[in-house]
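Once you scroll down, you'll see the structures, which are given as structure tokens.
One chain, chain A, links the two complexes that follow: it is found with chain B in the first and with chain C in the second.
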Partner chain A sequence: MSSAVSSATPVLEVESLSVSYGSTPVVADVSFHLRAGEKLAIVGESGSGKSTLTSAVLGLLPAKARVAGSIMLAGEQVLGATEKSMRALRGRVVAYVPQDPMSNLDPVLRVGWQVEEAGGAHPSRGTGTPRSRAIAAMKRAGLSDADERFRSFPHELSGGMRQRALIAMGMINAPRVLIADEPTSALDVTVQRIILDNLDELVAESGTAVLLVTHDLGLAAERADRVLVMHQGRLVEEGRSRDVLVAPQATYTRALVAAAPATRAGSNSPEADDSRPVALALSHLSKVYPARGHGRRRTPPIHALDDVSLTIRRGQTLAVVGESGSGKSTAAKIALKLLAPTSGRVEFESTDVTALQGRELRTFRRKVQPIFQDPYSSLDPMFSVEQIIEEPLRAFGLGDVRRRRARARELLDLVRLPASILDSAPSELSGGQRQRVAIARALAPEPEVIVCDEPVSALDVLVQANVLDVLRQIQGELGVAYLFISHDLGVVEQIAHEVAVMAGGRVVERGSTRDVFARPQAPYTRQLLDAVPGRALLKERQSADDRCSSVS
Partner chain B sequence: MSDVALLADASPHRSSARGGRLARRLLHDPEFWIGAVIVAFFVLITVWPSSIAGIFGHGDPRECDLRFSRLGPDANAGHPFGYTIQGCDLYASVVYGAANSITVGAVVTAGTAIIAIALGLFAGYFGGWVDTVLSRISEIMVSVPLLLGAVLVLNSIETRSVWAVSLVLIAFSWPTAMRVMRTSTISVRARSFVTASLSLGLPTWRILVSHVVPNTIGPVLVLATLQVGAVISTEATLTYLGIGLQAPALSWGLQLSQAEPYFSSAPHLLYFPAGALTLAVAGFVLLGESVRKSGFHSSNAA
Partner chain C sequence: MHPIANRLIQAAVVFFGTSLLVFLAVFALPGDPLGSLAGDADLTDTVRKNLEERYHLDQPVLVQYGLYVWGLLQGDLGTTVTGEDVANIFANAWPITVQLALTAWIIELVAGIALGATAALRPGGIFDRIATSVTIVTLAVPTFVLAFFAQQVLGLQLGLFPVAGASAGWPVAFVLPAACIAALGIGPIARLTRTSVLQTINADFVRTARSRGITPQRLYVRHVMRNALVPVVTYLGLDLGALMGGAVLVEGIFNLPGVGRALFTAVNTQQGSVVVGIVTAGVFVVLVANVLVDLLHRILDPRISHV
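After this line comes the complex of A and B, so read on.
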């Protein structure tokens, strides 16, 4: 099989491609080729130049970009090609599946019509009416009820269905090259897996070569024949997927592999200690959103939480894992007392929190602090870093001006940021720096519990590892407890003492992290574990490492 | 002592990088400079008209001699704009006329902005029935054409001072800015730094003042700077139609209105007040436009 692949002719050849904006190089001297029917993954963090590279292949770079090198697509030069000749290539020879299924479908046009339009751009291909071709393409992409879905608007579809529609649009003309730019990173892992399986079948049928762009090394290794690793616009490593993952050569790739959640995890997840006193206990929580609307538009009541009990022990981490819609964020909001439960109790140090008011409520607020998912929206852009960190101190009347300043410096030091950024605005910081400022703010009033709602899912892998290290170190030093909400099992494995797996508003499995990961009981947990991309490969690599170290 | 400490505490944020960048962008924009110079000139003659009115030797617009009624410009006699119908110096009249126009422009814009910010903030932040009530009121106000509404109200007032005219203009022009404020408040309220301050247990007014307003006020202020020119010309329109300011007040609109029968025989009565009006409006519009271009309204642009 692999020999057949290597003997096939290249459909895409990139020769020493360089792209720069002004004096800033974005892509520097990149060469690679993609053969017919081959699957090639480009891995890199945000800012590594991978998206610029795909734009270059599609001939969609902005006019101000300075380009050098050569891109041959099915024997035609892309660089310098006229817009007209590019248009003939796009869709027929090269197709594109964009990243975000939410914003890449026109919200005012029916989905089927959009697929039909993509097919109609090259009417000579295929047989049948445009409509039947569109429906067939949607069916192939896994939208089984395509006849009905044809008339749906994008907002009526789930994220996974929209992504399938985008894949149908890309594949309708059976292109020779499909560029998939993070095709599933906005989706839940189990959905991601089904969609990628489906895409694999689809391209195998039509012999389409795939260029998969992703930030996830595990996913790349699992899905592609070969992997290219990009870092700061350069190609730092190229090789067969397994080789790159198991024996990475470049320093950067080694760091990436080491930081991949699935590799870091395993034997080093912290040990649960049941004897510790309970800091925050949620018991028998339910949250029901009542029915809305009238007549045909009446929606049934939504049970966001259904009899959920969670216990967070002092100085330990309880991770709540689930996919979107599982109720995990609702639980976090109730724990922070930002949302009232329909029934159930929240107990903080053995007092019921749900009815607290006035001074006692202020004490509770001080002791339970949040960290949010998106560091780009959790810091007030009009505040300086110092103001942000000092705000909780001012709010709770802690210290005077001078002591607050000193405390802000101390806190920055704790999250490993230099004091020189005190006067910076959040817009001057990177995502990882922002998230650490958010952690410093949460730590400022010396809380007992920090509710972290997906604190690292908006960050690159290496930055993720760094922020998790900071969180763990702080727990070691200050003994703060975390309620750690995440959809990513790999991340959870490294930091949590205990795990609760949620689905459909219920806790389906709970236990110490080691037990749950080693011997998952609920079928849903197993499904989640299996869906983590590249987990099997990375585990294999790790056990190989362990064997080596035990031998030596 | 503690005051000094407080000042020291606040000072680093004043010179934030964002402010510096905005200022630099403005200072490199010719539109800003042209607009600023024109606006500064009109503000000067509003506060201190005698400084400019007297430079040709006839600084008093009330010193009239009917013998010179409607005579054309005569630079040698010290009347470069000519005489008004009553034989007063037109140059001094135009200079003194600025005060009312600029005052109405400033008062209406400030009043509109304050009402719009307050109501838009409440409607956007609290939502629910507060939003419903305030939004419906704004829709009712916006459905009355400004000119028609102003004609109806002003016709029922006996004496129409600058303040009465300003109030009527404010009453009919706040809804647009209020909708803008409401929309940007809704988008800011959903961001997690507001949730973060909620979980600090901060009182609502403090969240509004320190987090929501600074992040939402930009678009409204830009709208306001663009609005000044429009308000000045609306005041002139109303006065010209006879329902704005009344004689003996000095106003460009009034001067245009009184000059109407003589446009063909004494065109200078039209040209000079109209020119002043156009220049003032252009100055404010240029200034507003340069502020808009600088990205002041967006916390992300800077």
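After this line comes the complex of A and C, so read on.
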């Protein structure tokens, strides 16, 4: 491929594209070019219009969408094209790698068969039998045991393997443009890194241009040549990745960069204080799930937790970090006494709670409250905000009707929500508002410890920063302790006094947050830190900021 | 334990459990089978004692059940008090009912899925609305009303189908009664298929498959229908039992000499072993159908074998 010429030709030209549903504009006057072999990232939060934009390029907008402008794909107009001519483009000129590897594979068909089908849509694009083409594509996408995996069903593969299969389907016809829509946001950082490295190699080989859609500015900057920032349907900033990250121009981009966990963190993580009394202590916990299945399908017993000890001090935050399967959520469930450990003790204020029953158990439940990951499923959709917050008060028989109502207002104030939403239903609230309602509910019975299981990972970056601020401020005012479960090191660095890194059911490193992040001891911790996208770039920017502020 | 072995053991427990219940129910019925058999004739004590011994009527019910099951395992279905071999009654009656129920099953399967799948192509369209109204009507009309109506109009007045009896053979004699039984099932199957297809058609994996340039026909058949039929198959399996029930009713109206009629006669003349035999055989058919549906389910949805 003659690079000098081809790199100048745009393969995708979007001119003043607008998309609206009814009277609501979702994408407004967006223009950009993608040149052959180039990597362009579109960054935005949920609702910014980035997904609508990709649907428009693929010609997959719903019939009720009103579209204006122009989208040229390798010289052909996409808007108003017939389904038949679009079909000729899809897979061959433009391909798509979707976000969620769980829902984007047909659950009842073999994975290899689905890759073969993707290849079969454009049989002229390769040589060999359909099956050998499919296996080769799977191997290139990093499924080294593709011959065996060919006959697997999607549910038999891990998330990372499914994502590789989706990449194989997208890349099998060597498309001119690949749209990768949050291709790794459902995966652990270390897996994410391997898969993106592999994707980079693949597109370099075939000269495919990539449109990377992501909410993660760090990831965009690390993987793309240029970055477009979208906000409320408009392009607010465009530039070389490094420039956008290190010297953002638009107000919105500046807020985004400032809120990125890797930027906010660092020297400002709170200082651990060993002298504080212990609120909740988990000692030598093990959890073993017995073997299941028969014959070839028999699975060995799973050691979800293996001799794990954690200590949460009053008014402080202990973060437990790890990837999926590390056992961090199992530890959280045991701490909440929602799950019984196979062996080990949970001590709350120096009493063993593993055997508690009746009244004593209820007291424990009152003092140790949960906040869950997904604010969309953890609030009863039939309750009003007031009912949600008052429910624990009613359950523990605290106060009368008037006092409970007053307490609900007070709690809303504490999480910085207006009292006017007391009668709203959860469906009327945004994700961030919902999570703050969940925090208010957890605080209602005046707990000593709150177990937060990934409390901000379902939220956008700016909202994340806001919710973390609320959590920190509440800790300062009420002296509540947090057991904070997270996979996101940046978030942990901002909020935790102490941190424990978990892998394979064991604690591989523990210590004060400052020590662990500045001088990680375990190789796994280092690997985890290195895999955070854009961390190096953002750190660089931060130190540049620090220099500026120290000069002025 | 292997899930399929588990399923078979469950089936065996259900089989013996229900047969015992039916046995107890029948023998708990008031009445005197020997008396009603003798009619006006005098039954001397020695004859009665003889007969009681022969049919084990002097034994406790549980022992009778044990003897019955023992016979069953050896392929002996027992004899009626009139000396007729129960196996004989079965051999004549069961094929009629099985033909009837299977015909009904095929009608509701084909009509229901076709109706639902077509309606889902254009939700809210004219076909969808007509199909929805039709299914509500079929749900609202009781089977026997429909059966009498069909018999009167299509059989008697238009002469399109035989009015009664099985003498015309399959399929002519069976289509009309089978359609009457199937009518009740078409509605739910069409509804279920429609909902299931609409859910699947909006699934992420369908959209993603579309983004690969796969043709709409292939998309609909290989991806959408294949996934959407999983719950429909479950329903079809469960419905087989209801169809047998419907068959018993409709056999009476169309005068088909199937198990429905045999059962009716047997209950009236208190021939316990026939009643028990018919009902247990019915239970057996439904159980086998359910095991088969389970196996089909596993093939249709590979995720299930791991549950």
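The rule we apply is simple: the second predicted complex is superposed on the first by the 540 of 552 C-alpha atoms of A that agree within 3 Å, B and C clash if a C-alpha of one lies under 4 Å from a C-alpha of the other, contacts with A are read in each partner's own complex, and residues count from 1 in each chain.
In the analysis below, a residue touches a chain if its C-beta (ideal position, glycine included) is under 8 Å from a C-beta of that chain, and two chains touch if they have at least 3 such contacts.
Bear in mind the structure is a predicted one, so any value in this text is a computation, not a measurement.
> Pick one for A:Asp423: touches chain B only (first), chain C only (second), both, or neither.
A:Asp423 contacts chain B only, not chain C.
> May I ask you to decide whether A:Arg90 touches chain B, chain C, both, or neither, giving the answer as first, second, both or neither?
Second partner only.
> Would you sort A:Asp374 into first (chain B), second (chain C), both or neither based on which partner it touches?
Only chain B; A:Asp374 stays clear of chain C.
> For A:Ala395, select first, second, both or neither according to whether it touches chain B, chain C, the two together, or no partner.
After superposition on chain A, A:Ala395 lies in contact with chain B alone.
> Name the contact category of A:Glu205: first (chain B only), second (chain C only), both, or neither.
Neither: A:Glu205 stays clear of chain B and chain C.
> Using the superposition on A, tell me which residues of chain A are in contact with chain B and, in the other complex, with chain C.
Dual-contact residues (chain A): none.
> State the interface residues of chain B toward chain A in the complex, per the touch definition above.
These residues of chain B touch chain A: 5-6, 8-9, 12-13, 16-18, 191-193, 195-202, 211, 214-215, 299-300, 302.
> Once bound in the complex, which stretches of chain A touch chain B?
336-338, 361-362, 365-366, 368-370, 372-374, 377-384, 386-387, 391-392, 395-396, 400-402, 422-425, 427-428, 438, 441, 445
> Provide the residue numbers of chain C that touch chain A in the complex, in ascending order.
The contact residues of chain C facing chain A are 1-2, 203-216, 218, 222-223, 226-227, 230, 300-303, 306.
> For a test of understanding, state which residues of chain A touch chain C in their complex under the given definition.
Touch list, chain A to chain C: 58, 60, 83, 87-92, 95-96, 98, 100, 103-109, 114, 117-118, 121-122, 153, 155, 166, 169-170, 294, 297.
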